[in-house]
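Below, chain A partners chain B and then partners chain C, in two separate complexes.
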Partner chain A sequence: MFDSWYLLADGLVAASQPNVLAAIMVGAIIGLFIGALPGLGPTAGVAILLPVAVSFDGTSAIAALGAVYYGAQYGGAVTAILLGIPGDASATMTVIDGHKLARNGKAGAALGLSIAASFIGGLIGLLLLTAFATTIARAAIAFGPIEMTALMIFSLSLVSVLGGKDLNKAMMSLFLGLFIGTIGLDPMIGLPRFDFGEVRLFDGIEFSIIAVGLFGLAEMYATPPSIGKPEEASRFRFRELFPDVRATLQCWRELGSGSLIGFFIGILPGAGATAATMIAYAFAKRTSKHPERFGHGALEGVAAPEAANNSAAYGNMIPMFALGIPGSGTTAVLMGGLLMIGLQPGPMLFQTQSAFVWTIFGSFYIGNLALVAITIVLTPILATCAFVRPSFLFPGVIAIIAFGIFGINNSMFEVMLVIGFGILGYLMMKLDYPPVPLVLGMILGPILERGIRRTLVASDGDLSVFFKSPIALVILLITLVLVVSPWLVSQRAKRQADVANTIAK
Partner chain B sequence: MEKHEARKGMKRRMLLACGAVLLVMQPMLGSVARADDYPNKTMNYIVAFGVGGGSDIIARTMVKVIDEKKLIPVKMLVENRPGGSGAIGYSFINSQKGDPYYLGGVGVSFFTTPLLGKMPLSYRDFTPLAAIARSPYILAVTADSDIKSIDDIKKATGLTIGTAGAVSDPALLSHLLNKETGATIKVVPYDGEGEVMAAVLGKHLDLLFGNPNEILEQVNAGAMRALAVTSAERMTSLPDVPSFSELGYDIVHTQLRGIIMPKDVPAEAVSYWEGILKTVAESPEWRTQYVDRFNEIPIFLDSKAFEAEIAATSARYETLMRELGLIK
Partner chain C sequence: MIPLRSFDFGLSAILALLGLYIVSQGISFGYQDGAVPAAGFFPFWIGAGLALFSGLNLIRLFRHSGVLGAVDRMEIVRVGLVSLALCGFVILSGFIGMIGASVLLMIAVGMVFGARDRRSILAVSAIAVGMAGILYLVFGVVLTIPLL
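Our next item is the complex of A and B:
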């Protein structure tokens, strides 16, 4: 293990070469902007830069592509906080509290916190990647369909805390999300489901389309013109444009739990950073002393998901570097990059290309520091966005959304879809249906469906296998405890109250 | 009231913005060239999938080799048009009917998406040019598995095999394996090759059909054992692993790396590209940058031979999809 740190030191030196440094900066800045652009996320960013990057030398190419990946995680939060539009899918949970904070005049504090959370999440993810990449990779593959099913049941039980006041409306929203998640080619049979004869729905609906429409466009449709008028804005103080160190330190618990959750969910093949942010947010709310503040501008609600998505990025790279397995769309493209520069990803990469791997890891550390510097300088400038009148701001933003969504697949159809989801989001807002359960259903539902169906195909329909895996059993028991304990507590409180009442009589 | 007005204004502006975007994005129409000075403008290679995938890598490597060797007098661009399981990209190529400035590659969805009946096209709506490499599949298990040969598979019960996609080459091969050996291996579809590999290494699945590229790395690392290959002959990189056909099973199926054009292009364009692609296939650059790197089998099939293989492959998929009940 100590060898790792020596190797990393060599890697840091190698990554400080001017050409690699230049590649890191180019990648980080492109990533930052692509992350901030609604619709385009890290996968699109890495894909856009890939054909250009492979013309650099090998190390610079992968350093630049990696920088796009983690740069996008920083950038996604910017649009989420300032405009209420998730810049990329994994920034969706950041919208909930981040945008409320910006609206309350705390844009600077929220942005500063998101930068700190991104950095801390990234650093914890990186340290774990450096120290335990190979060991963790072995542990991660212990998660098969059975364990994944249990984990998703656990996640859904956590997110029940996110539903809002009206349980029925939350459930309807959740099921709508589950339904949307089933659109496209059936993962097990291959037949199209709910495609309405439309071939462009074969691959399902891109999550960013739903997130941008449901949160971003809906918010803009519903904004009355009075909000953000200069006279109202003038009560925001200049100081609030800047990051707030004290507020950041107060969130240390959420930063820690978010980073760890993000990292471990990120490692699992097929789970992804967005699922990680949801679980991190739900966990933070569930364990908070003031859960009622979540959803109304809680700093912790920004810290947890932002730490999680950055940490998940590194967790995600572990199966790729250690085993040659791409665990997500972004790492699949990144692995394409490795192949194009002539490296063979696989279990031997650490041995055969040791210098390369450690230089890349070194470049990640440098890139994270660079991103903190860039984003801190940009924060006060970006935060002034919150003062621009919607009538000036929104047309430009809508154009950027159209451009970003079009950029995913060069598809006008998807631009129409995002407008449609904007209308759906507007209706849900007016009728008081919470949008968060919908996105949860859409992200977690497909993972749960695949887990259950893969398990049942392999077991010939025998349900008992879910209880034969020790990992799954432990997760299911924890879920049971989490679901039952609030009820037991309330029962006991009621009984005590009854007893107290009887005595009083 | 004021609120309502503003919202209406917003919507109007939205519509205007969308109209503007629509105008800008008008697709550009290609024109048909005369045959004598062909090619005289930029060639477009349309990849029906995203950047960084197998179809994309082969396209970009081929274009790079053509560039390095200066085989054509014009530029060649690679453009990704993903979506609809390949339907978007292939429909686009098809819409350039008669235009010999558009090329595309053949992937699994080239066959399966039309067969599902959701794309009003088939392989007959394209012009085959040539195939420049061939990729067999390798049946493999983890190194510590009890399964050491195809005979062990026949004896074992309750085996599972993972496939990348419900309708794919590994799925086709898995069903063929059951049919040919009489085994009852359960076929479990996953979303990608990486997920299948993770599930096999994590012992959630017993078997997989993988690309030489991914399997050889695991075999060399001592993590996996190869049981048989699906090419007619043994692979040079795995001299000890038998092919299915030498073991007496009728399982021969490889992925062809071939290039197509829209329908009704001039015959001159076809013979022109046959020549270029033959030079590519036989060049040392192609060998080192693609064939050897991905452990594929070097071949060259001209348009006639390639066309015959396309028809055979499509028929194989049609049979599989009928047996799976996907088409009637």
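Our next item is the complex of A and C:
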């Protein structure tokens, strides 16, 4: 346990190198703007920057992408408070009391508190990430190929929670992702599969093409041109933006509970930062001595969700780094980034690439601290971001996408592919097909195929090996519960609705 | 307005056919090699799953109508025009280079997203030229990517 803190100290030193520091700062600033801009969320932001970031060295690339992620959590609060427009979904709960405070002339106090809450939530999330990541990874080291294969099956079953309200469409999305993962040379014998006579498909389809198409281009396609029309913003003084120690101390309970709720909800695959903010807000209101103030401009109503969404961002990284399971869209894209630079997230990453992992964790601490100053300085500019019209914003973003995708293999073929995946992503968005299962299938499918085939080659085709390992058996049983429970819940709800209808008649 | 149901029909039908194609290809790659799975084992089950769930979605669409609402025709036109502008960028890059083509791409995208009056077009053009310079510096100079 204590090793983690020594390793973190080394990581902080390594993350202080000029190239990593520059990557953190650039990522944090871009993340702040992405969080504040309506129409682009953290997943789209990380996806769009993925092909550009991987052009840099591995550590800087992941430090920058991580900074975009947690920077977006800071940025979302600015437009939520000043304009009542959440920059991303996880800032929705901040609108309720934050915008009321702004309209009551306390915009500076609300922004200052949101910055303090983001920092404290982020710091608590980071401390817990540092404490738990290695422990979980060490426990998972005991996993052999059979257990890892069971874990991959469990990860794919997450479509039942990550897949939204329509399980059938989530499964279609998952199988499409699994198919995309099979394109290219067979991992065992090198036979070309689904290459359609195109040599450029022998290596498969680059992950960033899928991520940029599904999350970046599709998001822009679906954004109406009318977004960003000027309205009146709440006024504030620059001086007021500095976190008020008294107001922060006054909300210590909400900051603590919000951070803990955010982190542990964030660990759960599929729950995400938005759910964490809702639970943290509800908990803060329920335990408050003055619950009547919530919804009418309570400082506690800003502190709890802001601490929760920043803490959740780090909780979300535990399953990705320690087990190789992406629990949300953004961590799936981040995991794709790790794979693109040649690293396989999971327990072995802490053994084989320990310096890399701790440098990245160190960069998170530095980024979290730097964001306090950067957010204060940039808030006046961020406040104007919500007014940027798509006609001025999207041309540049689309050009970055085109150049970034071209830069991966210096090929326009990839740009054509991204156009296709953009249209597919748009259709999926409109028709309620969740894109995250597709990404999960594409990332985890090849790992699962290798695991199943290697295990069966070793056992001479005996499937019962999966049930002879106690760990694999437990994981498979949890998977079964995860898959069956949504169906049971829906059946129960249907029965209750039928009973209610019968009584009503 | 265009009903989204027709799009869902189309997408489900294409995915169901794709699933069947994957199954047939999986069989042709070889399902089993002795007692162990061969190159077609995984694709076979993926194709079967895709065809099954797409088929279920098709049946559901036949049985229930009007569950998805509609989409504005202009939105579809916008998606088509932006995609066409990107295709134009790919083709033009071979003739006038990526930097020149990106300026035209950005102006076209700006116009599709609402910059139609003279002032807005001038503003988008200025942004496009500035952005093209930044792209050249970042990708061409800093990252040393051989741009077309």
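Criterion: the second predicted complex is superposed on the first by the 267 of 505 C-alpha atoms of A that agree within 3 Å, B and C clash if a C-alpha of one lies under 4 Å from a C-alpha of the other, contacts with A are read in each partner's own complex, and residues count from 1 in each chain.
To be clear about the criterion, a contact is a pair of C-beta atoms (placed from the backbone, for glycine too) under 8 Å apart; a residue touches a chain by one contact, two chains touch by 3 or more.
Predicted, not measured: the structure shown is a model, and the values here were computed from it.
Asks: State whether A:342 touches chain B only (first), chain C only (second), both chains, or neither.
Replies: It touches chain B, and chain C stays clear.
Asks: After lining up the shared chain so the two structures overlap, which partner does A:323 touch, if you call chain B first and chain C second: first, second, both or neither?
Replies: first
Asks: A:333 contacts which: chain B (first), chain C (second), both, neither?
Replies: So A:333 only meets chain B here.
Asks: Examine A:195 and indicate which partner it touches, taking first as chain B and second as chain C; both and neither are also allowed.
Replies: first
Asks: For A:415 in the superposed arrangement: first (chain B), second (chain C), both or neither?
Replies: Both partners, chain B and chain C.
Asks: Please work out whether A:57 is in contact with chain B alone, chain C alone, both, or neither, and reply first, second, both or neither.
Replies: Neither partner.
Asks: Can A:406 be said to touch chain B (first), chain C (second), both, or neither?
Replies: A:406 sits against chain B and chain C alike.
Asks: Touch test for A:48: chain B only (first), chain C only (second), both, or neither?
Replies: Only chain B is touched by A:48; chain C is not.
Asks: Identify the partner contact of A:392: answer first if only chain B is touched, second if only chain C is, both if each is, neither if none is.
Replies: A:392 contacts chain C only, not chain B.
Asks: On chain A, what residues does chain B touch that chain C touches as well?
Replies: 186, 188-189, 191, 220-222, 224-225, 394-395, 398-399, 402-403, 406, 410, 412, 415, 419, 457, 460.
Asks: Considering the complex alone, what residue numbers of chain A touch chain B?
Replies: Residues in contact with chain B: 46-48, 50-51, 54, 140-146, 185-192, 195, 197, 199-203, 220-222, 224-225, 269-270, 319, 323-327, 332-337, 339-340, 342, 344-348, 394-395, 398-399, 402-403, 406, 409-412, 415, 419, 450, 454, 457-458, 460.
Asks: So in the complex, the part of chain B that touches chain A is made up of which residues?
Replies: Residues in contact with chain A: 2-3, 6-7, 10-11, 13-14, 17-18, 21-22, 25, 50-53, 56-57, 60-61, 78, 80-85, 87-88, 91, 112-113, 116, 118-119, 160, 165-167, 186-192, 194-195, 197-199, 201-205, 213-214, 217-218, 220-221, 223, 289, 293-294, 324, 326.
Asks: Give the list of chain A residues in touch with chain C in this complex.
Replies: 52, 55-56, 168-169, 171-172, 174-176, 178-179, 182, 186, 188-189, 191, 193-194, 220-222, 224-226, 389-392, 394-396, 398-400, 402-404, 406-407, 410, 412, 415-416, 419, 422-423, 426-427, 430-433, 445, 449, 452-453, 456-457, 460-461
Asks: Which of the residues in chain C end up touching chain A in this complex?
Replies: Residues in contact with chain A: 4, 7-8, 11-12, 15, 18-19, 22, 25, 29, 34-39, 41-43, 46-47, 49-50, 53-54, 56-57, 60, 68, 71, 75, 78-79, 82-83, 86-87, 89-90, 93-94, 98, 102, 105-107, 109-111, 113-115, 120, 123-124, 127-128, 131-132, 135, 138-139, 143, 145-148.
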